[in-house]
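This is the structure, below, for whatever I ask next.
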Amino acid sequence: MENSKDKTVKDLAPLRDIKSSPELCMSCGTCSAGCPITGQDGFDPRKIVGMVIEGRDQELVESNLPWLCTMCAKCEHACPMGINITGIVRTIRGLVDRDKVPGMIHKGVELCLETGNNIGLPSEDFDFIIEDVGEEVAEEEGYEEFAAPIDKENANILHTLHNKLVNTQNEDLVHWWKIFHAADESFTIPSENWEGVNWGLFSGDDESMKTVVGRIVEHMEKLKVKNLMYPE
Amino acid sequence: MDRKFSTLVAGAGISGVRAALDLAELGYRVLLIDKKASAGGILSQLDYQFPNDHCGMCRTLPMIDRNNGAQFCLRKGIFHKNITFMPGCEIETVKGTPGNLSISLKRSPLGVDPEKCTGCLSCESVCPVTVKEDFNGNLSQRKAIYLPVPHNIPNKRVIDFESCTKCGECVSECPTNAIDITKDVGIETIDGIGSVILATGTELYNPDGVDLYNTSKIKDVVTATAFERIMSSSGPYKGKIQRPSDGKEIKKVAFIQCVGSRNLMIGADYCSSVCCMFALKEAALLAEKTKSSDSAIFCMDLRTFSRDGERYKERVKEKGVRFIRSRIHSVEKDDSGNPSISYVDADGKQKSESFDLVVLSTGKSQNLTHPSFIENEGVFGISETPDFKEISDSMINSSFASSKAIQIAKEYDYETKKSSTQINDDDPKLHIILCSCGNLFKENVDLTKITEDISRIYGIGITTIDQACSLEGWSELKSIIDEKGVNRLIIGACNPQIFSTKLSDNSLLTEIITLAEHISDTESVDEATKSILSEIASSIGRLKKYTPQKVRSMNISKRALVLGGGISGLSSAKTLSDSGVPVTIVEKSDKLGGNLPFISDETVIKSIKNLIEKVSSDSNIDILFNSELSSHKGVPGKFESVISKENTELIVQTGSIIVATGGGKASFDDENERVKTTFDLSIELMEKKVDAKNIVMMQCKDSRVEPFNYCSRICCGKALDNAIKIKEQNPDAKITMFYRDIMAYGDIEKKYTEARRRGVIFKRFEKEKYPEVISNDNGFTIKAFDFILNEDIEIKADLLVYSTGVAPQVDNLEKTLKLKTTVDGFIKEVDFKFRPVDTGKEGIFICGLRRNPANASEAEKEGVSAAQRALRLLNSEILISSGQVAHVRHSICSRCNACVTACPYTARFVSVEDRKVYVDDISCQGCGTCASVCPNNATIIEGFEEKGILDSIEAALG
Amino acid sequence: MSEHKPKIVALVCNWCTYTAADLAGTSRRDYPSEIRLVRLMCTGMIDSKYILKAFLEGADGVFIGGCHPGDCHYIDGNLKAVKRIEAIGIMLEQFGFEKERLKLEWIGASEGPEFQENMQEFAKKIGDMGKVQTADRMIL
Amino acid sequence: MTTYIDQTESYKGEAIKKLAVELLKNNTVDSLFIPFQNSYSGIPMPSLISDPEKTDGIEPIAPVAPFNSAKQAASVIKYATGKKTAFFLRPCEIRALVELVKLNQCTLEDAVIISYDCYGRVENKKYLELLSSNDQVNKDFYTDESLQNETTTTCKSCDAFTPLNADIAISFMGTDQSVFEGTSEKGSDVLSSLNSAIGGSLDLKSGGSIDQSIVEGIKEKRSKEKETLFSKTSETIKDVDSFQKMIGSCLNCYNCRTACPVCYCKECVFLTDIFLHDPDILHQRSIKKGVLKLPVDTTMFHMTRISHISHSCVGCGQCTSVCPSDIQVADMFRTVSEKTQEKLEYKAGQNIEQPIPFLAYKEEN
Amino acid sequence: MATRSGLERWFPEFFDKYNAYTVFDLMKSYIEDGRIKLDKEMFTQRIAYHDPCNYGRKSEEKFGYGYYEEPRWILDQFAPNWVDLFPSKANGYCCGGGGGTMLTPFKEVRSHYGKKKIEQIKRVEPELIVVPCHSCHGQIQSSLSEAEMDIPVKYLWEVVADALIV
């Protein structure tokens, strides 16, 4: 990890615009009152902030707590001190040894860095799926002209994809394509590094996150696309 | 140049009214304006006040020269001969210098001529525009032409031009042509004003549109003010305590504190100071009124920092109100449509609870500033920023501001007008004037029968005037008075309030009958006639037997005795001396300044030193060091005090006494040099660095628990100052503060925020569990329970700082001066809210720490405020008694002294010389309690002679 | 007893109940017109003779209205009156005046509706009781 | 407490007289306030005696009381003078005196109150009649039941006949002896200092034997009497017509109020301008009612008086005794007062520490 | 969210060269410019709309703008009977699948979250739920099945695509 070990979550967590550090917390309980999972498995946002203030980072890093949070920010929305609670959670997540990141998140990040998508789908499979689903669309009335544009240069819009659409729910790939088609929009899908989601956000892994975002910039340049449709 | 008004007071809320009355009572003419169409400010909406859960606002009214003001409920309006009230007015600009300010006012039209409006309601009935009534927290509706405060007197309508469509229906319907909808906002300039007092108050935070509270989606979420209206019998539901959505009786309420306060996200880094007490009061009232006990106050700290607040809180708790330490995220609805709230309870569990109603304790609106003309010389703000204050604090701050205005009024020699009209005491010559009010009374009352009967039985003449309220009617009325040589008059009209002010300067004795009260849609002409007849008869009875007393005057000893040379005493003395009143200060020690050695704020120290300097060099102020009051006698205006000074005794004659003997640190002893008090630490920090690394601060040491069950108000602020200072000196110092409630009211909240920002750790503890301290070789270990982390904690410390609170001086003055004290030994004021520095014994005032815990600037202001009250007595050479006071007929008095015990003002005393009972005219307020306990009418109240009352009862039943 | 319109004397304090009554009657009052208001500065001012006089002159009821405890302009005049009024009631009862005919109520200045309600209720109750025994009689 | 028993005298009046004289003679007190038979009036009148040589006429327990002497007693001790006086009073007179203390009309600082079990009194006229036929009536009254039957209605129905709030109480019901009991510290001190002044010749005992059942028996009889009387009276006054009939012949002479020991006003309110009406008022009343009986305000007077002092009524019956129209004022007063005092939880003359109900105010919290 | 914040953080120059649009911006402009036409008869059923945290609250916090009105405007164009959940928009409840929690093994906590959402949904009794987020879509579907409720969940662009008149 690039994070320097002598800095605590308190120092590392990004601040919101009003520069409210975790110390400002007056343990009022607004966050805990509003969080839907307060009390579940020992979760309590106020407690997390409290522990961060006291520098009890290690306990947090070793616990499930940062991973139970959906970082939905309902707590922050009402926090009278404007404390960036989700930022704190993400910072803690980032301090967790990568091999201890629970579930699929970090594995997805690694796969993405390696293969260009979070599920490690080989590109021939990808090409096949896109083409196949594209053809299905073209079979529908009114979409006869449709063909899924891969690596088309000078398109108006870059369209990245959510891995689950390619993998398990490819019937859902078609909706945007139909809309684009109906709107007579010129768009393109990159053949490599087509992943639209960026799990580095969830795992607290800035470096990987940056790499994945960088790929989008690359697409724009390489394919000479003018506009980006945010993937999510 | 017109130099009519010595002072313009902007804002007619309780602060403005207090300031205006301060000046008016000294005889200065005041122009009182308010942006709104009516006076009264926020208090006009509130029926109840902590600590007695009732009102008592009328106690603000003058007690000396009281006939100059109206003698009725102050919430219904303010009337004083020296106060001119202009509604719908705002200051645009202020130019010029003190003594000659030129003020331009923006005047919004009210649409209705108050001189002509009879309050007949016909305009309202035809007005097609219905809007929400903000007076009732938008829970009821009103027309575009309406009565701004439903209980106002007189009940003049105004037009809300924002919603008025100018359809003109009301104009043609008005029977007295009182309505004009053509006028626009105008600018009016008034010159020659001495000074301006800005008492525009503040605005309440508006929670509408905040998605957390959902006031628009959940009808049963209301603001605290709206809830007050719900509980008011003049409110939207006429006193039925029901909720807005479905009319269900309200039993269980959730109060959400800090709505709009203590919130950096909205720029509200302050505490609004009053909401906690407000919520407590409302919760108590609800519990009382509906016999319910399941309400909850959701708070962070419960800021009960006023003197009696702590005990009040406990009483509320006994009523079953819960205090839950959880700020609320948002309000939702349960499946049955009740508002519901999620919160975290004491053991960290999340709970969801439904309530009948959710009350938002809204504080002051954020980002308010004073208008720029506050910078102009001669403009005095009641507070530094638009602020919320507890009523007693407001009263004190108002008098602080008015004392400055009085200096200017004096300096520039504004005319004073004090009067006690001598009522004509010739043999009674009665006449009756009835207004037929167009055709209203002609049609509904048999005026002929009335005239005949009165003449037959009483031999008194009656004249009927068509419209007495019109100009012609008025002059006709006056000519009748002159013509008939009348000295007693009975006026019957639809709305006679008009006459009471018009006739008030006259030596006529007037009785006013509201004729409209006798007419009812369901009753016949005969009934109304009979009813009016008996009321006239009744008035005749009273007027005939009214024996006006000669206005009495008394020379006063124009000197004040200030007991105590501390901060409040000094400011009192200074204010009095500046007003030309010689002062004797009696100081127990050998120096002035009181608690000066315990103050660490450089600016405050400087200002106190400055004050000492000024007082010491003031030739008008005598200072007696090493002396104490040993005994006291006399009446207000003429007190005689014996001062003992180093084995000698001196007698001082003064018109007034100000008790400012103060108080100090509560006693605390600890040998260990690593244990300090917050006060001592603050002094130490001025000079040197604190070398401790781990500092633990413990609040409320032997404080807010029996027997010292009150909040000392200043310790939290001081402890926060200390913490910030230590952090400034040494950012790595670890500071933990154990607290029960951080009493960082008002802008002290900013210190609390700052301390946290600097990394001071705050841990709350419960009253029942004071953190345990274990001393060891290296320092201390403090054991406590952490409510956030839900675990026992141990904190090491090498310096332990206790906030030990303050205590009143033990000086026995309550016995010497016969004053009342609180259970904690503070001298009690007569009314905590509305007369905070009056002791209840006229002429004796109380300020500073002897009355309640206060910081230096609060004490200073109290001192000025007390001086201000004393000035009412000391401002002139003679005191003129008001009419309507009690007298003793010594020839038939049996001296049972029942009256002496009964008098609420200790205005009666038994003379040592002749054992007779005497009344002090100045203290007597004419309440008549003495007369009712006197079996043989040896005590009489002017204007309420028993004979007159008995005759009027007899007549009424004739 | 619908025909009988009770005569009621209401002794009210200037600060609270009188202003409440005033509020109730600012336009047209809808409390029974046989109520005669007698304004006094304070309920503490009420002499027992006033109550006796009213009953001896044939009042069917005497209503006393003052400020709520704690509200009294004169600190506690209202509370001082309570015992005295209670004692008169005890005495009157022995002379055959039903105790319901004398009523003491706290009505605050802004409580116009309360005043109205109280009056209606009191008038109704007194009306139902029938005429007071002193009515239409020569009382020595 | 010190008790002294005089076993030498069979007539208890004599024993009391002896004690009184000794008190004065030995300067234990400065004066005596005691019924005294002077050479002019047939009835022993309360007198203030300071010369021990002029004590012959003392008739301490003659069965008559020309008036309730509390007001006269109060006039002697209106304020402290340092002149110690022994007051020989009937129980009802002490009760009235206690009320007057509370009404600030006197102070007991200089007073020693001596009292005795009261068998009642006969009306003044009756007494003179009895006296004319029997000059031993004072003594015989205590042994002759037929004489005792001549006492007033009030006395016959008085169940508060034993001394309360006295400093020295003399029991003679239920015992043949005259038992002088110091019932207060002051009383005991008086007895002891008298004893030492006369060389210890007083027969001081720790207590006499009194047959309480006899006292109780009398009490029961009188209570019953009282009950009957009150229930009859309360029926009379409850109905306006019968009440008006009862007071119908009242002359507004105000004798009752003058005789009343607790009506303490210097001048009655009914003699002030409040009730002294102008002719136009009288005409107005007449016009309104058609007929106006004069003098006016009779009912108002009686009821006002009741309202003013019924809580302090000690039930001495003097009001009835003085009424020229034979109105049973006392019956009415006592009946109403009993209920009033019961409801106010106050008993006239009982507890000197308890203030008069609505003249004491509790501090609000 | 991740892409936009990543671009703003590490590639600020991106915005000099290119424009970036959210799904709402695109759909709204297609409709406004008349580039697509929608069938107003197709979605007349009661539709509940769910605000994803990322497009709403978090976008508002991070970028100063929350996409609350756009999706509602889009629904207004062809689905007259859509309703809001309560609370919604900036104070809405997370579906329970945010922050990558779909990928973690803490299913129980996730389903606790989901229950809150289901309660909200139940209260408005919808026939269809529309979301503009892949995570929310998946999480709400799984919460519904856990609650044994048979209500379809569709993407916002899915209903738009279905309503296209081509």
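We call the chains A, B, C, D and E, going by the order they appear; numbering starts again at 1 in every chain.
Basically, contacts are C-beta pairs under 8 Å (C-beta built on N, C-alpha and C of every residue); 3 or more make two chains touch, one makes a residue touch a chain.
Keep in mind it's a predicted model, so treat the numbers as computed, not measured.
Removing chain B from consideration leaves the other chains in the touching groups A, E | C, D.
The minimal number of chain-to-chain contact steps leading from chain C to chain E is 2. Number of steps on the shortest path from chain B to chain E, with steps defined by chain touch: 1.
Put simply, the chain farthest from chain C by mean CA position is A.
Measuring from the average of all protein CA coordinates, the nearest chain centre is that of B.
By number of C-beta pairs in contact, A-E leads over the other of B-D and A-E.
In terms of the distance between Cα centroids, chain D is separated most widely from A. Chain geometry summary: the mean Cα position of chain B and that of chain C are 31 Å apart.
We define each chain's centre as the mean of its Cα atoms; on that basis chain A and chain C are separated by 77 Å. The mean-CA centres of chain D and chain E are about 98 angstrom from one another, to the nearest whole unit. Note: centroid distance chain C to chain D, computed from Cα atoms, is 38 Å. Shared contact sites, meaning residues of chain A that touch two or more other chains, fall at 74, 77-78.
Each of residues 269, 308, 358, 361, 364 in chain D touches at least two other chains. For chain E, residues touching at least two other chains, in rising order: 90-91. Contact between chains, as defined at the top, is found for A-B, A-E, B-C, B-D, B-E, C-D. Here chain B touches chain D in the complex through residues 52, 456-459, 891-898, 901-902, 915, 933, 935-938, 946-947, 950-951, 954, 958, going by the rule given at the top.
Contact residues on chain A toward chain B in their complex (touch as defined above): 18, 20-21, 23-35, 38-39, 44, 46-47, 50-51, 53-54, 74-75, 77-82. Contact residues of chain E toward chain B in the complex are 86-87, 89-91, 123. Within the complex formed with chain C, the chain B residues making contact are 47, 52-56, 58-59, 61, 71-73, 75-76, 119-121, 150-151, 153, 155, 232-234, 238-239, 495, 514, 516-523, 527-528, 531, 534-535, 538, 830-831, 840, 884, 902, 904-905, 925-929, 931-933, 941, 944, 946, 949-950, 952-954, 956-958. The part of chain E that touches chain A in the complex is made up of residues 1-7, 9-11, 14, 17-23, 26-27, 30, 35-37, 53-54, 57-58, 61, 90-94, 96-101, 103-106, 108-110, 112-113, 116, 133-134, 138, 155, 157-158, 160-162, 164, 166.
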